[in-house]
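Just passing along the structure, written as structure tokens.
Naming follows writing order (A, B, C and D), and every chain is counted from residue 1.
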Amino acid sequence: MNIAMLGSGFIARFYATTLHAQRRKDRILSVYSRNTSHAKKFAADFGLNKYGSEMEKIIQDPEVDAVIVALPNHLHEEAVLACVAAQKAVLCTKPLGRNASEAKRMLEAVEKAGIFAGYLEDLCYTSKFLKSLASIKAGNLGKILWTKSREAHPGPHSDWFWDKEQSGGGAIIDLGCHCVEISRNFIGKSIRPVEVMCWAATQVHPIDAEDHAIGLVKYENGAIGQFEVSWTFRGGMDLRDEVMGTEGTVWLNSFLRTGFEMFTTGKGENYIAEKAESDSGWLFPVGDESHELGYPQMFSDMFDAMEQGIEPQETFYDGYVVNAILDAAFLSAKSKKWEKVIL
Amino acid sequence: MNIAMLGSGFIARFYATTLHAQRRKDRILSVYSRNTSHAKKFAADFGLNKYGSEMEKIIQDPEVDAVIVALPNHLHEEAVLACVAAQKAVLCTKPLGRNASEAKRMLEAVEKAGIFAGYLEDLCYTSKFLKSLASIKAGNLGKILWTKSREAHPGPHSDWFWDKEQSGGGAIIDLGCHCVEISRNFIGKSIRPVEVMCWAATQVHPIDAEDHAIGLVKYENGAIGQFEVSWTFRGGMDLRDEVMGTEGTVWLNSFLRTGFEMFTTGKGENYIAEKAESDSGWLFPVGDESHELGYPQMFSDMFDAMEQGIEPQETFYDGYVVNAILDAAFLSAKSKKWEKVIL
Amino acid sequence: MNIAMLGSGFIARFYATTLHAQRRKDRILSVYSRNTSHAKKFAADFGLNKYGSEMEKIIQDPEVDAVIVALPNHLHEEAVLACVAAQKAVLCTKPLGRNASEAKRMLEAVEKAGIFAGYLEDLCYTSKFLKSLASIKAGNLGKILWTKSREAHPGPHSDWFWDKEQSGGGAIIDLGCHCVEISRNFIGKSIRPVEVMCWAATQVHPIDAEDHAIGLVKYENGAIGQFEVSWTFRGGMDLRDEVMGTEGTVWLNSFLRTGFEMFTTGKGENYIAEKAESDSGWLFPVGDESHELGYPQMFSDMFDAMEQGIEPQETFYDGYVVNAILDAAFLSAKSKKWEKVIL
Amino acid sequence: MNIAMLGSGFIARFYATTLHAQRRKDRILSVYSRNTSHAKKFAADFGLNKYGSEMEKIIQDPEVDAVIVALPNHLHEEAVLACVAAQKAVLCTKPLGRNASEAKRMLEAVEKAGIFAGYLEDLCYTSKFLKSLASIKAGNLGKILWTKSREAHPGPHSDWFWDKEQSGGGAIIDLGCHCVEISRNFIGKSIRPVEVMCWAATQVHPIDAEDHAIGLVKYENGAIGQFEVSWTFRGGMDLRDEVMGTEGTVWLNSFLRTGFEMFTTGKGENYIAEKAESDSGWLFPVGDESHELGYPQMFSDMFDAMEQGIEPQETFYDGYVVNAILDAAFLSAKSKKWEKVIL
């Protein structure tokens, strides 16, 4: 595949590093950034011939097979609609929209256009997740009763995350989108989420958006999908999932306790991992950050699906459901009551 | 790369599964097995056009860029020499030889022929290993004093492993080759191993070869590389490494405690992992066995090195040093004294 | 101390085993059970001279220094009032009452009588808990933002637990009382709990009471104390606490992952631990169940406080606050809204 | 019991703290220290009426029931012989002697005198150890094939440890005595240790004695008891045991990974644990150091045995066997061969 990358920030670089590693055959062809010098730098770093600050031009390039949207949340819709206009396959990073109506417009646009569209929900592609999901589907846990997905770290790296207008919200939209979709997979995508109860607060950071939230999503079969999200956690990036079923239990730790432990007095140069808070004492690096977070597995599914003309595991419809659940969570955090999920 | 696979057993299938996954660009082209029906089956399973029971023919095929030797230990030399004769790049599974003289002949043959040769020591390519090695090289642990590498499981799957003539030995040659090379990397490949003390015994299985051994490899700078290998371990496959340096410590667990825990009453179908001993109660699957064991990372390094005309991280010379150390270990197990490593 | 034990069931035996171990100086003198033969058996097992089926008689015995109430929940009030009548120091197992009004009557009775009264909340006495609490009080975690306390197992051993009339409720009252008090300690006993949001359901067992619940308790300073309780968990007894503060994190595992791991094919006789679900495969016993659960530390505090004429760490007032919080939780589970804690 | 304590250093304080906690009935009555002001201070700290700098006087006091020897290694024999002369029960800290001949003299003296003598090998009394030993004796692991006991930390606190004349050796005698006795218990005290192979070196500290050693102890039934001891470990105190049997496995972690994890930026006052190397970042405290190390359980066994007129679990004979094994280890470290254990 020849890929056009929209955006040259944190996640664009992560995606590019993943794609150009491990002798994969799909290559990034071009990059868009509103700032030409950023685009040029990105192109140089990843060996791309083409770069530019005009999004449409990058997208419409006939050599491009697929476009990856790696822009801040408020630009996802615009970028997706540009892909629709150009009839290009589009892969959009999470969250799909800032809210369900935005997501719904994107979903309807790609469906109407008949283009391939994938939702880049990497945490539903980690190897631990895929293997435990298969195990659960094979019946090893019986009926799923409760799941918990937790993502917590000390806070994001770019200003726009903290601005509700651009982001759509704080930790709920940024981290909750992962947790909600993880739980939804474990409980079963065919089971309808019905209502949400959520607590949210701004406990630490001097911002408008919430920096900490807990939510319960109730499904029509009585199962509960709990999410715990925070930008106030100290100690690194905490990514854990738990599943309780009538016949068993699954506990996943994807980042802080993965069988890699290290103590150092602090000599030497040391990059530990995303959001790691210290570089001496006991440290818990991850072996391969990109793999542990599901990026390579996610792109394999996306491009395999494109080639085979089938849907990927995570679609725009999934992204839309996630947004609808999060809309109810935001409402509940204000109303202090359970709020219906409107789909 | 177009690859010819020699062998259609356990490791050949593991290699093939790895290579044909995750949208990698290198493909297996053909397979050799002494038994044509096995070759045919393998070819069908992995979508290969070519297969056969004549090793030379498979190797000499002009379309073949590289040959993978995935045959029992006593056939490594013959296969490597056939690649030399055909002037084909060769990647040989571990251990390189059954002993150092066999390994040395292979090393000299590929060097003389000037062909690319890689030693498929996957456990020196796991992401945890690579990251901790980088950290150690960056000085985070100070001077390395002692390392321990442990591989233990309930015993191998094929008969030939138990026959010293075909295998070259028991758990020492089968598992010790990994452990020795892991420790040697941590201590530093430029540091010469000088002597070995080893205890070995046949404690459980009705075989000639040892099923349990502990060895200490002393390096010229005083560092000790300990190996613990066993075919008598109960509980799965135990793959752990430890490193002690003047400034720090590394603990790696590559298989049994990797942040994936599961309890099941035993309902449903369940493949847990290589050597897992039970499918109910508390289980510790690995997310992606192949990745956790370093296979994809290893092949990336091999083919990248081939393309760039440089040496891979693990070479035939490394395989030869490992054999020399293990020769000393076997001697020591008998003489009950420290034995010199002859290089 | 000479102790009278009321009840001869599960917890009475656990308490007695604890008290008569490790060369402690306090002894059980007598036991009450409504069934004389049970009382006799208990007395024989623990070497007591006195036993009987008349509660008042046992309590009023002039030799008795302190009475332990180890009866089902609906009998706590009656037993406490009998101690008040006899002017005997009383230690009551958890939960103090089936609800706050019952607890309040007990609290007022002991206060009016001026007798020593202790609340046997063992999980606020585990060594891990005490040490982390001290660390938190010393400021190591900064301001506490969120705590989570989880207790989950496959369900209780006696029928009366399932009968709301006798128990006061299901998993919320049985397990939630522990979790609420653990969180309250971490957040600070002087901080007032203001409102509760709770989800509860009967997911698995054929009972009226809830067998699974999640609750959020909001404190006046904005901190949240989360409880997760379940009688539907598979895999043993899951006892975990987490604390997030502005300067740090605490994670405690009190039962299933305590540094004791064992694999067995199932040979031999094997008692693992309370609620353990299997006796082969990977097992996670606790070294000393009683110590890991805080019993010896709790009784030391109780009798030390009695001797010194001071309050123990856990008082009837604490038990009353817990009941008030749980009352709000039950209400919320029905109203589906946040409910005020009435103190 | 009324106890006389000989010594007022690190372990004397640890023992005293243990004995005077948790409402135990045995009390320290008096303390001997060669320095009167130290004795006085110790007496004040633990509420003792008697103290002094004359060892015999303290021992011969008719009120004394039992004497605890908590002096440096080279004074154990003298102190034990003084107890023999006074016909007082004696409990001696580890190691019993600096070598087997010293230990043998002590053993013969107490046997001849017919006094009660206990060997204070606390690590054979931890709750994890006792429970796993019971499980092993009940057959859950089948025949024991191999055990490993590891004790490693950054080095001791007092000068005399580093002086071979006073200590009898370095890490081997100081830490190896624990490891050897742990393994010997798991393998079976009735199985005779036959020979030892040991590597030892002074890798880091500017001392005569070894600061790092690995040893293999072979038993007459073919089982191997491995010890790993070091004064060069970074990261805290590493106390781990492993047992492999034909039917199962045991893994114990007694200090660094016990289900208590904490992250702190370093605010506040913080005592973590013996040998902890840092007080910020990820820390792994133990809940109750004394209990985790087996002290209370050990004294309970000792005094129970004294009262019942039976032998404690750990006797002077055990201490003597340990010394004999360590003598062989020292010899082997020099001769570089397996050395016979002479009993």
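As a working rule, a contact is a pair of C-beta atoms (placed from the backbone, for glycine too) under 8 Å apart; a residue touches a chain by one contact, two chains touch by 3 or more.
Keep in mind that what you see is a predicted model, and the values were worked out from it rather than measured.
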Checklist entry - If you check the contacts of chain C and chain D, which chains show up for both? => result A, B
Checklist entry - Counting only C-alpha atoms to place each centre, which chain is farthest from chain C? => result B
Checklist entry - In whole angstrom, what separates the CA-based centres of chain A and chain C? => result 41
Item to check | Centroid distance [mean C-alpha coordinates] between chain C and chain B, Å | outcome: 53
Checklist entry - Taking each chain's centre as the mean of its CA atoms, how far is chain A from chain B in angstrom? => result 36
Checklist entry - What are the residue numbers in chain D that touch two or more other chains? => result 234-235, 247-249, 263-265
Checklist outcome for this item: The residues of chain A that touch chain D in their complex are 234-236, 263-265, 277-278, 280-284
Checklist entry - Touching chain A in the complex: which residues of chain C? => result 145-146, 152, 197, 199, 201, 203-204, 212, 214, 216, 218, 222, 224, 226, 230, 232-235, 244-249, 336-338
Checklist entry - Contact residues on chain B for chain A in the complex? => result 21-26, 126-132, 135, 138-142, 247-254, 257-270, 285-288, 291, 296-297, 299-300, 303-304
